[in-house]
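As structure tokens, here come the structures.
In what follows, chain A forms one complex with chain B and a second complex with chain C.
Our next item is the complex of A and B:
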């Protein structure tokens, strides 16, 4: 019962949230870009000259009306894939994105089999 | 002098380990029903001497004995005594010694605590554990000896990285190591259980508290590390999915899976080989974590502790560990008939393990994938927070619901709604989530789902709590842990959704307004301290809506030894929110970059984690009472 209610809420929420989309927030983008001259810092957290430059570039791109994904692609093209914290979904990274879900389904399958085996016996 | 003493004690330790193994083998062969008395004594001596060995190193640090390379490289005479001591384990060599201490002491404790278990099982555990101890002792002697001397003796040390001079960081490695290395004892016990064909239930009984102990310390270690990252690294977050953070999370998932399934083994005599596998991979992951951190393969904020040659030794050690355990497992494996009802508690424990393995493997794949792409295509990629958030969060939503439903099932009995329905719901939830991600590319929906499902868990656990009190069948440990986990996710969700972040370039005397806040940069002061100079900013934040005013004092510190610049965040914490302010200088200008963040409910995130570990403590007490 609770689950049914939950699903109804899910669907309800979906319709409401449909409108809240695609506002490009510069700081959100800065957080997903690596500062190439620092150790383990994002552009947002760094004050290096490099970070300052990237921030300006991001600002420009937003003003040009580029979407978030387009900005990441632009950055990856210019500075290499190392700069984006979110690996792009392409041939090379296919396994990275796909394997976790494969493992999840596989685990579910094993449990399903374990339970089924028993029902056949009884 | 201390160098000689230290080396002597290290050799003595190796000798004692061999003696323990020798007498254990002799005791195995003898017809006596009990373990030789002298094995206890040697084991005690071993623990004592390894501690003395560590205290020798601490003494060298306190007295700033720079004739030891290790002290010279990591300490400085002007450093406060507390950080001289914590510096002992703040570096690779010293931390390995700490690692050996925990291995040795756990070995001794396991021997004396499990007196009612079979002789052979205990002796084999001791032997395997001592083989591990020897492996690490040789590692220390061959290329990580903290007692190597240097001549001529330098007058002054190089100093410890100032961001490591911090109380939370000082206690974080020992806590984490108790978790990492604590898992060694059930690794050894699992091997011993396989070798001796030991009673499966008795095996479960003997290891369950050890799993909880290591889990508690692992959780605390990770938390304290996060707290440190939050206030010291100055970016306002506490988890970055950094490879080293991931390395500490991997064994945590395995441990969590383990202490759930070990209960099934104890109660129902099921899942024996699965529990064994989990025992083996937990410690293997701990060593892998160390390998990844120490070898410098992974680029991370922790790379101050890396050296490639060390990686090779750990890699060899790791391979031997993995291959011998796989070999043994295959040799001993047999198929057993089982009956698991689909809606029994057993099934839900399996579901817990299913999710834990998913988290574990996802984090493992995310952490290792860049190494492979770099090796194969020469293309370096970053796998950062957006990846983990996108893959893991949708699954956590479903996990939380199972976490709420699972504990209400019964052992063996099939009394609940059909599980297959839940699996179908789960799959459809996954598909819906995928569609949302595909069409909207918005995070808000996920955050909402997270909050809904965590509330589902919180409410459901609260009902359980009320029920258990009125019916007097109290299982507080589980309820406390599940409830606090629900709260943890709930607070993280809210915190994530309602955080405010703004940054400005300001100079002294300027005022900035945004939303309903006003920031006033009042003044800058230069202060001198024992081992650093500090530029302290004085900023006033006013919240016009609630009429609140706060003064925050972020700092820029200039340390002398080694010469480093650090930025200290100013944080004002209360029950509802944290104000978080960092200040940094901009080269060739009188402007400073001021970053202001409002982080709601931060304190509650920490409280939830501590409550989570408290659940673990409760379980240990309950186990102790039942025995």
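Our next item is the complex of A and C:
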């Protein structure tokens, strides 16, 4: 009996977590979209006509059940990657995505080597 | 080992300088280059007159199409209107006007005063349609070929140079 109750609670929690994952927050999306007619403002920060219209379209897309990624893809398809603050990985920007990780690993390797050398000397 | 580390360090430094060089030389202003070559994607456009629609299949495979976003309250739209009137007589080109965030009565007065160059006038009352066309301000025009592939986008009012570009493109084939 205890096990059955535990399983029911587990399934209930899991479904809550899953539904929370699927909630698309419009404000979060607005913050990640650039206002193309403003100086360095996101759609969320801007009161321009363009930003207001984009907000309406984002609302519609959410109501249609589109995911956050699908909304970014839609906007990038219409306005290019420039509209999204975090552009999707492509051949033009792969270096920007991977270079920091590579430098970090390489730096770590050098530090490791230096420390190893130091301990060997002492 | 020291030599390898030196070589890698120099390579990474060179790569970083190269990335900075490329990024700093890149034009960060919004441009429409990314749109050229893409297909227009819409089902239908609602007419400014009630209960009339323009379906995408009506346009495909027939003529070049210039989709022009305009409004009666927009000053630059008024200044570009003579260009559109000149294009009206082009047999290979159909002009579609999308009346943007405007009052129907004002739009009708505007066209009565300056002439109607459009084959069809659609309406975009709240601007959502303009986002679907990648428009961010008016006037803006999109030239597409018979297969509805975007050939060029014109941001701002059309001028004589734009008119020449459009004529060259439609008479090229």
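Here is the rule we go by: the second predicted complex is superposed on the first by the 96 of 122 C-alpha atoms of A that agree within 3 Å, B and C clash if a C-alpha of one lies under 4 Å from a C-alpha of the other, contacts with A are read in each partner's own complex, and residues count from 1 in each chain.
Here, contacts are C-beta pairs under 8 Å (C-beta built on N, C-alpha and C of every residue); 3 or more make two chains touch, one makes a residue touch a chain.
Note that the structure is a prediction, hence the values are computed from the model and not measured.
Using the contact criterion defined above for the overlaid structures, shared-chain residue A:44 touches chain B, although it does not reach chain C.
Looking at the shared chain after the overlay, A:68 reaches chain B, while chain C stays out of its contact range. Contacts of A:112 after superposition on the shared chain: chain B is touched, whereas chain C is not. By the touch criterion stated above, A:81 is placed in contact with chain B and with chain C alike. The wider contact with chain A, measured as residues touched, comes from B rather than the other of chain B and chain C. Residue contacts after overlaying the shared chain place A:96 against chain B and chain C alike.
In the superposition on chain A, contact of A:36 is made with chain C only, not with chain B. On chain A, the surface patch touched by chain B in one complex and by chain C in the other comprises residues 49, 80-82, 95-96, 99, 103, 110.
Interface of chain B with chain A (complex): residues 233-235, 240, 242, 299-301, 303, 338-342, 347, 350-351, 354, 357-358, 361-362, 365-366, 369, 373, 377, 379-387, 390-391, 395, 401, 419-420, 422-423, 425-427, 429-430, 432, 436, 440-442, 444-445, 448-449, 452-453, 456, 460, 501, 503, 584-587, 593. On chain A, the positions that touch chain B within their shared complex are 2-3, 6-7, 9-10, 13-14, 17-18, 20-22, 27, 31-32, 34, 39-42, 44-45, 47, 49, 68-69, 80-87, 92-93, 95-97, 99-101, 103-104, 107-108, 110-112, 114-115, 118-119, 121-122.
Of all the residues in chain C, the ones that touch chain A in their complex are 1, 5, 8, 12, 15-16, 19, 28, 30-31, 33-35, 38, 101, 126-128, 130-134, 136-137.
Across the complex, chain A meets chain C through its residues 36-37, 49-50, 52-54, 56-57, 60, 77-82, 95-96, 99, 102-103, 106, 110, 113.
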